[in-house]
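Look for subunit A in each of the two complexes below; its partner is subunit B in the first and subunit C in the second.
So, the complex of A and B:
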């Protein structure tokens, strides 16, 4: 034992007076701001203690994180979900977040599903669409179970066009629906005639133009585009203005050279140029591709998905595969549009937290000074936020750098162990939906992943690993 | 000399940053040429022209290219340097006056203090074992001050620690001194060549303080926690500590302190002590000295004895006993015949109870040992009574009497009013963690007790000792002076105080 030959340096956990005594006597003490880990859950605390510095977990996390870093998402094409998404057969509708039955879905999600049924022509009016949804004749499944992601309600039905993003190192594909813009839109549960008409136009002319454009352009690498957008003030979750512009700049020459007709091009360009968030769904699909590359590494405590269905918030770990660990979805603390307040807000909703899971969004807050009001108001607050996330992540993504932090990589690869141990919860930038279907977005702000998800995940991960 | 090119896809970096990186790589030994560039056609052409790039490269302007010409081995070091450069956390202070976040977990603390080597855990007992296990898994030695840790968890921790050559002090370890640094409730003692392993916190404090007073010094004082020498735990920490002190060149004499261990554990500890190669003084408080026999084993009857024998062994000649002179004894009124001991230190109460029960009949305690009998009502003294006010029954929902003296002051006033009380016996503990001025709060209560008795026509003896050193924050001499001024008779040690109290009570009886 070498202790007596070393200079004693004490980590003090508990009574601060003990650290005072050590320092008074000329020793060195580091004070830890301790509180019960894993929100005081004793079983999770025990699981965590077993997993800390476990050689198997450390090695698995290195593997998972390296796969995430190496992933290269490439926008490959666009096609109806029925053709592109595996398992998208018959009357199946995908939704955001972990699994949930129709009867338990929140207002915006039910509204969006009714809209999707009308759009598909499976029912003639909202009333019969609701009956059909409740009848059990439509299958519901999380987007994540089909390699897909969707913002807010995240509803994808077979005829909707989806982005196809190919992860170049492994060839696996991920998908996302197309962004409809703001206002009365399906993802917030609106399902009126104008919403359905817009969906038809998106599935028709817009999809045709983008298909022709992407055929002309070949694949578009998404990582460099995101990296550049971060340098231009986006965090590619709640702010996508730069990324949308960069995307349009990439698409335009190919669009003009493509076989698409002039009127369709005008319509498509006008639509994209008018929607600051058009890139969001691509950002999400890119993040999904990077994280899917890190999936299914046994023993890994790296988080591969965080998603909300408006009732439950769920996470998945690389080491526990497709299993969800859920807790009640929190209400978002945010800023509201005039006339709305927290009382009107639906609990946290959407797959868009995939961006934070991939080290973007709230984790890259320091990149987006324009939206720092959501985290306290000053760029310093945003930087502090990004720094804090560095304490719960496996490393930094050198491919995505933050100018305000001396071009350090974004903190990425959430380690469930570190979340439980530090009680620093992943921060998520997000929009806020009205709790009733169809009213739409009523604000935006930040929320945090509930600690209980991580506690459960650690118990399951520890149970899968024999003592050692 | 080998040439090597590494491509990292979609890893855009500013050219200035890359030039700095190239310079950093060139400064490495064995690297002859190094270039970090974005793989644009122009840059690729430049590298080819410089013959730093052999053959075709499948890379584009978004891809980072590191091209090296270096000796075998140096190239790998250079690539590791690249990874380090790109995986750096932001340096402290960067970004203006933002405060660095204080660490919130052991692992987080190690990010900024990688040389830390011991975790001192005083969280609520429910969480202490998990934190201790994390600390061990992170390669840290551990002291667990917390109590109420299930013995099954203690066993798991100690087995893990033993397998990884790490020290676990505790659970329920109140004090230790490692490399001269006081941990928990500890006194400021001179450094020296006597090493201790103790299962008793106040026992360790008494022995280290007396060694200090006798001119000796402490190399290391290891606490094991109170359950270590039980049959279940098997003395893991004491055995580990003993082995560490046996090989520690600073330690020339070893002292072991405990209440009597489980017999098979005692046998194993003594067996190992015989092979330590150094004199080992053993005080298993209350154990028959006959049972402690072996090569270089020296049994000690009391804590004070242990200190005397240790200093003697270190000096190579016997240490004369401490004699502070006998204080003037009070003239007791008829009916004043009982000793009432009010202890804050559990081992002090234990040792005093043993000593008094050996010479006085009718001794009671809430923690009875030897011939002493249990108290039916711990709040009510009977005959000779010694109570450990640090025991769970008294501390539930209340701070320990070493920190908060109120409970003891109330009991002191109560005992003083009892016409059968001849002697009140007190321990006063100094050091880090203890009350900032125990004499300052106890002395007025002693004055009031003596005055009250006198008003009722009695002389009351208040006897005790101060466990502390001149260098303690409270200062031993100052504390003693205040207590003497209040009328307290002070002895050098717990054992002497108990024996004095016994003598006073015996004269009353005769």
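So, the complex of A and C:
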């Protein structure tokens, strides 16, 4: 009973209200920030306890992270998806994010699929295209299931040209569609005549010019190009102004020396030079290639994909293969174009979070202070985001350095354990689509991967781990 | 005599050794940093006393700075210097920096002039070219005397093509030669067969393509392009990677739509795409245009030119017109290429300090953290340089914002009074030439304008000012 006679000196773990009471009563409390592991999710907490400091997980993560670092994505060519992408047969359309049935898709994704059906000529008008999509006679699959990635709706149909990126150390190929520019575009769900006409031109003259150019140029290593763009204010997700310019500059001599005709070249160059986002899809394919190199390492808690279909946000871990762990897609907090607000926005959408998964985009925001003009915040916030991501990643990518952080490598290799443990969520720079098809982009901003994905993934990873 | 009985409490102005003695003797001294105005230069100090807080100088500086801010340099065309540059008649060769006689020129400048004579066909070999140069039969004049600027040796001869930049608010034209790329080049004093052959190709096919392109494109505003490059890691003096890419991207559609032939276009594009420095000469011509707009405002202490000829460093003030104030050119402290050191370096050389005079280059270093890979230091030093230059400038240029400094405008409009008063010297990013002709660039680094130029300029400005 001496306790009540002595001056109270208390260490307060977690909730500060206990310390408040002690201090009010004249006692002294030292506050220690604490919260239950995995935010109190019992199963995830148990899984975390098993996975933290497990030597097998550490070793697996070293293997996966080393494979990611060693990967060398090389732009090899361009071809219709039907020819380039394995399994792209019959009436099959790929989309962004984890799997989702037609009936549950968000507006922009349904709009983009209707556009793809019109582009393929499988239906003559939007009404019949919608019926066809709902009939079950078109197969839908995530881009990720075919080694591909696509921004926003991420819709790829068999006749669309795709970039072919070869990961040089293992020979595996990744794919992405071509960027259509801004305004009324398929990836935001627009499917009017001008959109279909542009897609046909892209599948025709543009694809021909780029094919001839890449045949003339040989392979183009994408990592050095991305590294240079990071020194020129891009984070290669929402800002690709430098990377697009560098790509064009790299392609041009070969383009002019190629067999392509002058009119086609003029059209292609005018199109590419007119869009700061043209490089985005190549950035995504390169990131996909780097992360696919880190796949399928048993026991690894490294995240190999983050992707959104406008309804669900899904992640994959190296140690759990192709399994998705999903949670509702969040709404993006950002800067809206005049006349629009959060109420108009589709939830988070697109495979483009593959850039963040690879340590770029939001993770490399310190490289791109001017991005805040687009996604909001201040240049200091941009640096703070890159610094924060260092707490949930396996290491630094010395191939991608951040000048504003004294040329530190960008934080990369998200460890699902660290996300659950620190409750710091991966930050993602992204565009915002209108929730209805066809209206297009209405803003851009910053979002975070939902914590539930990581909790589920840890439970699955722990369950797959034999008792050690 | 009570002083000796009391505890000593002393305010110590300037030299700290007096305070040291007082403290050693047990007294207390508060140290106030102070130095004689104009570093003790009596005449300059007198001039400074007259010019500081003189309402006429303040008003004149507002006028000059406003004219600099309002200037709109537009790339208008390209033509041989003989046709474009006023007064470029007969056997006349322009060079960098303030006036200098042949016999006193540094090695790289003599080498470049010999090259220009060979290029013009005025002599058949370097020996006779040197004799011709020494004979007095070739007129030499600073580029600045003809509205022009040239990097390093800055040599412009009548048959060389020049960029023509028109300042849209006043219609005055500025000029610069074309950048030859790196390696053995005329501007570093090389004059071998490959150098002359390249100059002939530049005066022929390259000039033809660019002429056809600019006729097709119409005028190209250079300030928005520079502003964008500052958001992409350039300071548009020693780093022009983004600006060159943006320029190429801007020119290409017009180039392809122009009358230029495909082989010439391929050659031009390959050449431009191969050099990160191609934009430098346009940056310089744009800066010259902005500063010429601020010239000849009586009583203004704003610096309108800083230029070096490898022997002398010269400045001009708005209020003293075309008069040069010179001091020995400093040696550049920087990063040397392997095998070279300060002992091999020519003193500071070139008109390129016109970029710093316009608030770019070293003044905008905060925009270009990656420049430190080239000129030495850390990204924090780069920001510190931009911050320091804010103490010697008349204002900020809101058209050129610095992302790393939360989008503050770059400090611009050097006030010679503030330089003399604060003894903060204008910082200049620059290349370093070998002191002998023909060896070329041996490094790059940071230098400072010598204080004597500013002291002399203030004396002259004060002398020209009627008693107020």
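Brief remarks follow.
The rule is short, and it goes like this: the second predicted complex is superposed on the first by the 431 of 468 C-alpha atoms of A that agree within 3 Å, B and C clash if a C-alpha of one lies under 4 Å from a C-alpha of the other, contacts with A are read in each partner's own complex, and residues count from 1 in each chain.
Rule of thumb we're sticking to: a contact is a pair of C-beta atoms (placed from the backbone, for glycine too) under 8 Å apart; a residue touches a chain by one contact, two chains touch by 3 or more.
What you are looking at is a predicted structure, and each value in this text was computed from that prediction instead of being measured.
The partner that reaches more residues of subunit A, of the two candidates subunit B and subunit C, is B.
Once the two complexes are laid over each other on the shared chain, residue contacts for A:37 go to subunit B alone; subunit C is not touched. Of the two partner chains placed by the overlay, only subunit B lies in contact with A:223; subunit C stays clear of it.
Once the two complexes are overlaid on the shared chain, A:404 sits against subunit B and subunit C alike. Contact with subunit C, but none with subunit B, is seen for A:262 once the two complexes are overlaid on the shared chain.
Shared-chain residue A:193: touches no atom of subunit B or subunit C.
Applying the stated contact rule after C-alpha superposition, one finds that A:103 touches neither subunit B nor subunit C.
Of the two partner chains placed around the shared chain by superposition, subunit C is the only one that A:248 touches, whereas subunit B remains out of contact. Judged by the touch definition given at the top, the superposed model places A:422 against subunit B, while subunit C stays out of reach.
With both structures placed on the common chain, the touch criterion links A:380 to subunit B and to subunit C. Looking at subunit A, you'll find residues 228, 380, 404, 406-407 touch subunit B in one structure and subunit C in the other. By the touch criterion given at the top, residues 8-14, 17, 62, 86-91, 94-96, 98, 101-113, 115-124, 126-127, 129-131, 133-135, 137-141, 145-146, 165-167, 178-184, 186, 188, 219-220, 240, 243-244, 248, 250, 432-433, 473 of subunit B touch subunit A in their complex. The touching residues of subunit A, counted against subunit B in their complex, run 1, 3-4, 6-15, 17-19, 21-22, 24-27, 29-37, 42, 45-46, 48-50, 52-54, 70, 72, 221, 223-224, 227-228, 380, 383-384, 387-388, 390-391, 395-396, 398-399, 401, 404-409, 418, 421-424.
Note for the complex: subunit C touches subunit A at residues 228, 231-234, 241-242, 244-246, 248-250, 252-253, 256-257, 262, 265-266, 269-270, 273, 369-370, 378-380, 403-404, 406-407.
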